[in-house]
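Shared between the two complexes below is chain A, which pairs with chain B and chain C, respectively.
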Partner chain A sequence: MSRIMAVAGRELKSLFYSPVAYIVLVLYLLFVGLLFSMLVFIPGELANPQPMFAWNHLILIFIVPFITMSLLAEEYRSGRIEVLRTSPLAEMEIILGKFLGAMGFYCVVIASSVVFVLTLMAFGRPDFHPIFTSYMGLLLMGSMMVAIGVFFSALSEHQILAAMSTCVTLVTLGILVGFVRQLVPTSWFAATQIRHVLGYMAIEPHMANFARGVVDTQNIVYFLTGTCLFLFLTYVVLESRRWR
Partner chain B sequence: MAAAENKDDLPTAAPKKRGLDGQIDVSVSGRQRWLYGANTAILIIIVLAMVVCLDWLSVRFNYRKDLTTGGIYSLSPRTKKLLALVDHQKKRIYLVNLYPQGQPQGRSGITEFLQGRKVQQLIKEYSRNSSYVREFKTTHGRKALEEQIRSRFKGEFSPYKAAARQFTRLALQIKKFLAAEAAGWGRLAQQPGLTAQQQQVALSVQSVFNGSLPREIARTRRHAQKAMHSTLPDWPRVSKELSDTANMLASNLSALGKPDALEQSTNIQLGPAITAYLKGRTAAYHKEIALLRAYRQKITAIKPLRAGAILHELTPDSLLVMGPEKLKVLPGYSLFKPRSASLGQGPEYVFNGEQAVNSALLGMIQKHRTKVVFVSISPTNLISTGGPFSRIAAQLKRSNFKVFQWSPTPVNPQQGPAGPPPAMGKGVIWVVVELPPPGQESYLAGMINEQLESKVRQHLAQGGNALFLLGSMPEQLLMSFQGKLPFKGLLGGYGVRFRPTYSIVQRTQTSRHGYVAMPEVQVSTFPNTIIGRPLESLATLFAGQMMAPNQYLLAPTVVEPLAHLPKGTMAKVIVQTSAGVDTWGQPSGYTGPAVFQPGTDLPAPLPLAVMAQKGTTRVVAIGNVLFASNQILESGQPYVTGGQLGWVYNYPGNAELFVNAMYWLAHDSHLIAVSPRATVALRIARMGSSEETMVRLWSFIGPACLVIVAGFVVFLVRRRV
Partner chain C sequence: MPNAAEIVVQRLTKDYGRFRAVDDINFEVAKGSVVGFLGPNGAGKTTTIRMLTCYMPPSSGQARVAGFDVFSQSLQVRQNIGYLPENTPLYPEMRVEEYLDYRGKLRGLNRTARKQRIAEVADRCWLTDRLRWLVGKLSKGYRQRLGIADALLHNPPVLVLDEPTVGLDPSQIREARKLIAELAGRHTVLLSTHILSEVELVCQRVIIIGRGKILAQGTPDELKQQCARAGAAGARLLVEVRGPADQVLSAIKALPGVEKVQVLADGPVQSLAVVGRLDAQLREQIAALVVQRGWALREMRIGGATLEEFFVQITDPGTTQAAA
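Up next, the complex of A and B:
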């Protein structure tokens, strides 16, 4: 565990030493600030931050690839991956360390939105339970997104390629699947089932439940299995480099 | 796992081979690579299958917890109580979602699709919380549902079937009679001594008995038989045809049954032979006529089909509630209430499904319907079509109330005094309209007579409940009371005080008259009470009638709990104005400039409605006569969406608050606006526009700027290090 934490700490530190972290934070805060001032902060209306959390995935889809693009791709490019492999670290420890490092930074990003909750509290009294579940949802959603990012970072030596692939996958899961679902014609064989599957694959409805203050085991399982699946696939990719 | 076990076999640990050059070959052979690849592929497939299984299980057996403080996304405790009652009575109730489930068609189709999804979720919640409320699902669509409805009402069809069966028997008998008569008339035509005209008459009657009448009978009989063997017959149409045919036969026979009348109507001398024949057959004719008339009467007595009415109401955007004895269709407009929207914008809908379904369920498990009597000094129509309260009366009927009207003033004083109220006392709610509604001002001259007040007092003393619609009064009207305001003492007994000497106004800038004090107050703040709380997001208006700038009638007035409540009473404010400087209470009849006068005017917030209780008697007083009138309820504007013109109501909160108050008065608190439900979240405080802009600006760029500064500091520190 200590070895995992060491990798994670190193990763987190390196993220904060690079300008990427600040660019990501500024982008995130600008977007959430816009959501807050346009949809949440309306004097005379309910002090309800739900829209701010429900639409968070739209910016996270583009931010997470920035966080994860260099995790393994940079190691490949610089050749440090060989050093890591010859160290006493197991592949899984490397992956988990990198994953936790990125998650640490992701937590800092989403924690920065607390400033809007505090602003809301200064002028109203929001219900805290949905806020708590929203952060829980953001954490779970983020873990899946970061796992996807780690996976694509493990696939390529080029950071931009890794970021683009992550972005395309997240846009597909976050936005496109929802649209495609509506386009499935009723005349198709098992159209309802196809729609259900596509609806389940989309990120938005799972996050929307958390943002509303509803905790459903189905949503938790979706994010957790997604995270585990992509971490496992990363492990397979890393491990396969030995014999490929 | 397999991969982990194979770790030792990975290239670093693989058996070392010598190459052609004598060096150790550390590469992996093609075969080995293939084996590793296959191993990995199998592993990925297994893990994927596990993930799919886990996800499927999580969908199949999910556990859902609504953590919002008000439980907004789950059924309210009140609904759960109602469902417990359904379960206790063991009444199987089916809910059928008739909203389109497939791919949405166009923009309006998307709205319907989303609404349908909401209805589906609601049905799921109901069936999750009750063992007896279930979703009715059919794979054969609407036809199967129609058959299901018809099978539920099959008892209704049996009188129609019996009538059709009886007609086939009757038809045989009549046909036999007609054949015999045709032969008789044929013989008559051949008798010697008849004139050519009389012979012609006899032959004509013979042809009618032989041709047109039997043909008509055969046709109707064919239709009746077809209906009897059909799955979905149109019984009302068939029964009308049977009735018409019986009527036609009876009138034909009755014409011949009266020879004198026939002679007069045709202006033909029938002659002694025909007259003798007819007289001899009169008894036989009358027997057949009696049979046909009895049959017709039987058909007319059959009750209209309820199933037909239900099937007619089944629209593609509705929810059907099927109980063991009753069926109720909840149309889309009762499930989704529109919120105010500006011209050109589509409406926003507030989901009201829980309340609508609860109302239907209550109608199925509770046979008793609370009576509501609209009481006014004006005897003219209040609640029927065209009346000023017809819209709210219709909504009350939909909410399982029985609605009546009564006035102590007779419609025509020459015909004596008005009759007694249709209902009063325990279990009855009176809606007391204190001042005559618009268009009925002539009754103002009669004043609020003491008879009305004494009747209301009597009603409350007998355990009845009442809702008062009160208003501010012009000075001359107040003077006529000589200091004895109507209902003042009565309401005071329940801890309620109203101040008709004050009108509540809101200052508005107009292009023609500059600042004008309008008797129109839109309310967005509802204190935390059982009646007002659920209205959190619905626009509600308290308004009077504007006559000219600063001149108005029936303006809203102050209604508040007494500072010292009488012993054993409870009184709470349910609606009050906001604390803005643009709203105040000014003396009625004031026509000066639209400015708050600190000495004489009442500052905001001003209470507009109060709920009170003394023992089991409940009273709600609303400081606006027009509060539930069509004038406010129908106020709305058109919008165009998806190429279709729609109408969105500006103040849906008025009707909701009124119905909620009625539920409270009826001691049916479990039905009070359960959806949309209140959240504990308070509203964001109102503020000046500069302060608002500052907060927005800070929210947008403030935190981002702080991060930029932090980044710059880190950069400088690292550079120095």
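Up next, the complex of A and C:
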């Protein structure tokens, strides 16, 4: 465990040493600010931050790839992977360390949105329960997104390629699947089942529940299985690389 | 099973697809010794080292480091090995001290042990004045020292250094060699290199590898002798004779087995280099000739058989058969 934390701590520090971290933070605040001012901060309306959280994934889809892109890709490119893998560390310790390091930074990113909640509190009295569940949802959603990022970072030596493929996957899960679901014609064989499966795959409805203040085990299971699946796939990739 | 050998390699083979990088090699490294692992680029040095350090598994065969199998007890092997990879990859954004601390954590050292060991290795690798520096700002020489310090950090019984002096300037090379020589006794060192003088200076034993196979092993002196016996390309008989220059030259040239005589120093005393079939018979004949003519024989020795010539000879595909 202390080794995992050592890797995670180093990763988190190193993210803050790079300019990417600050660009990512600024962009996130900018776009959440847009959501906030357009959908939430409206005079005369209820102090309800729900839309800000329900649409947060649309921003994070483009933010997370920049957090995760260098995690393993840069280790391959620089040759440091050799140092890492000849240290007394299990594969899973490397992966979990990298994952938790990126999660640490992700938490800083989503925590920065607290300024908007505070602004809302200054002018109204928002309901705390949905805000709490929203952050819980963001955390769970983030863990899946970061796990996807870790996986693609393990596939390539090129950070940009890792970022692009993470982004494409997240756009697919976050946006495209929802659209495709609408397009499935009712005349198709098992149309309702297909729609149901696609509906389950999409990120948006799962996050929407948390933003409404609903904690459904189905949503928790979705994000957690997604996280575990991609971390396991990363393990498979790392393990198979050894044999080449 | 008590074993004096710290590294035991048996029938180790590594295939990259259809290319056999390391082909059925066997060797042992005794505890506390410094062994040079020598070979031209692409000979399989780094591949062998990567198998020993558990970076990649062997295709077949086995290796034991510090008594642990590299395949089935990989974590224990990695705990007992200090490895400096080629080119010393580091994190440029970290500070030297911070990097060593991180590496100490990965090796499971506690806070007090880390503090103490960092001070120790920094002192030994002449890094103390650079501890607060950013790794990215270090010169090549300091980066290399940091790599060695990192390998030494957890005081491992076995050290594997892959080309530790590449890219250093001559005085840094000398310092690095001094450091490696100091490590002998306390650590078992496997030193990969293609610089021959380095091997002669710091290694007690040499293993020469070429095209994935072990071509020769022994002490540097043994290999030099082997080279001279095999009549290596550079081996020559150095003879110093006092006598009339032209007569000495022509008389020696006329002896059977002599291919070429080169005059190294002219004057009342001739210094000659004889190239040819340098067996004992020829040496006796030269001695007899000199005595018979009433000249004076001042010196006769086999010279010029350097490790370098041996190395070139045995790693050159054309002459391998002849040398073996």
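The rule we apply is simple: the second predicted complex is superposed on the first by the 243 of 244 C-alpha atoms of A that agree within 3 Å, B and C clash if a C-alpha of one lies under 4 Å from a C-alpha of the other, contacts with A are read in each partner's own complex, and residues count from 1 in each chain.
Rule of thumb we're sticking to: a residue touches a chain if its C-beta (ideal position, glycine included) is under 8 Å from a C-beta of that chain, and two chains touch if they have at least 3 such contacts.
As the structure is a prediction and not an experimental result, all values here were calculated from the model.
Asker: Figure out whether A:243 sits in contact with chain B (first) or chain C (second), or with both, or with neither.
Answerer: The answer is both, since A:243 touches chain B and chain C.
Asker: Classify the contacts of A:39 with the two partner chains as first (chain B alone), second (chain C alone), both, or neither.
Answerer: neither
Asker: Answer with first, second, both or neither: which of chain B and chain C does A:80 touch in the superposed model?
Answerer: In the superposed model, A:80 contacts chain C only, not chain B.
Asker: Quick one: chain B or chain C, who's touching more of chain A?
Answerer: B
Asker: Looking at A:120, would you say it contacts chain B, chain C, both, or neither? Reply first, second, both or neither.
Answerer: first
Asker: Go through the superposed model and pick first if A:14 touches only chain B, second if only chain C, both, or neither.
Answerer: second
Asker: Which partner does A:108 contact after superposing on A: first (chain B), second (chain C), both, neither?
Answerer: After superposition on chain A, A:108 lies in contact with neither partner.
Asker: First (chain B), second (chain C), both or neither: which does A:194 touch?
Answerer: neither
Asker: Touch test for A:88: chain B only (first), chain C only (second), both, or neither?
Answerer: Second partner only, chain C.
Asker: For A:161, decide between first (touching chain B), second (touching chain C), both and neither.
Answerer: Neither: A:161 stays clear of chain B and chain C.
Asker: Could you pull out which residues of chain A sit against chain B in one structure and against chain C in the other?
Answerer: 17, 242-244.
Asker: Could you list, by residue number, the parts of chain A that touch chain B in their complex?
Answerer: Listed in rising order, the residues are 16-17, 19, 21-22, 25-26, 29-30, 33-34, 36-37, 41-48, 112, 115-116, 119-120, 123-127, 129-130, 132-133, 182-186, 191-192, 200, 212-218, 220-222, 225, 228-229, 232-233, 236, 239-240, 242-244.
Asker: Under the touch definition given earlier, write down the residues of chain C that touch chain A in their complex.
Answerer: For this pair, the touching residues of chain C are 16, 50, 53-57, 75-76, 78-79, 81, 83, 85-87, 89-91, 93-94, 102-103, 105-108, 150.
Asker: Across the complex, what residues on chain B touch chain A?
Answerer: Chain B residues touching chain A: 3, 10-12, 28, 32-33, 36-37, 40, 43-44, 47-48, 51, 54-55, 57-59, 62-70, 72-73, 101-104, 524, 536-537, 679-687, 692, 695-704, 707-708, 710-711, 714-715, 718.
Asker: Over in the complex, which chain A residues touch chain C? Could you list them?
Answerer: Of all residues in chain A, those touching chain C are 2-3, 6-7, 9-10, 13-14, 17-18, 78-80, 82-83, 85-90, 242-244.
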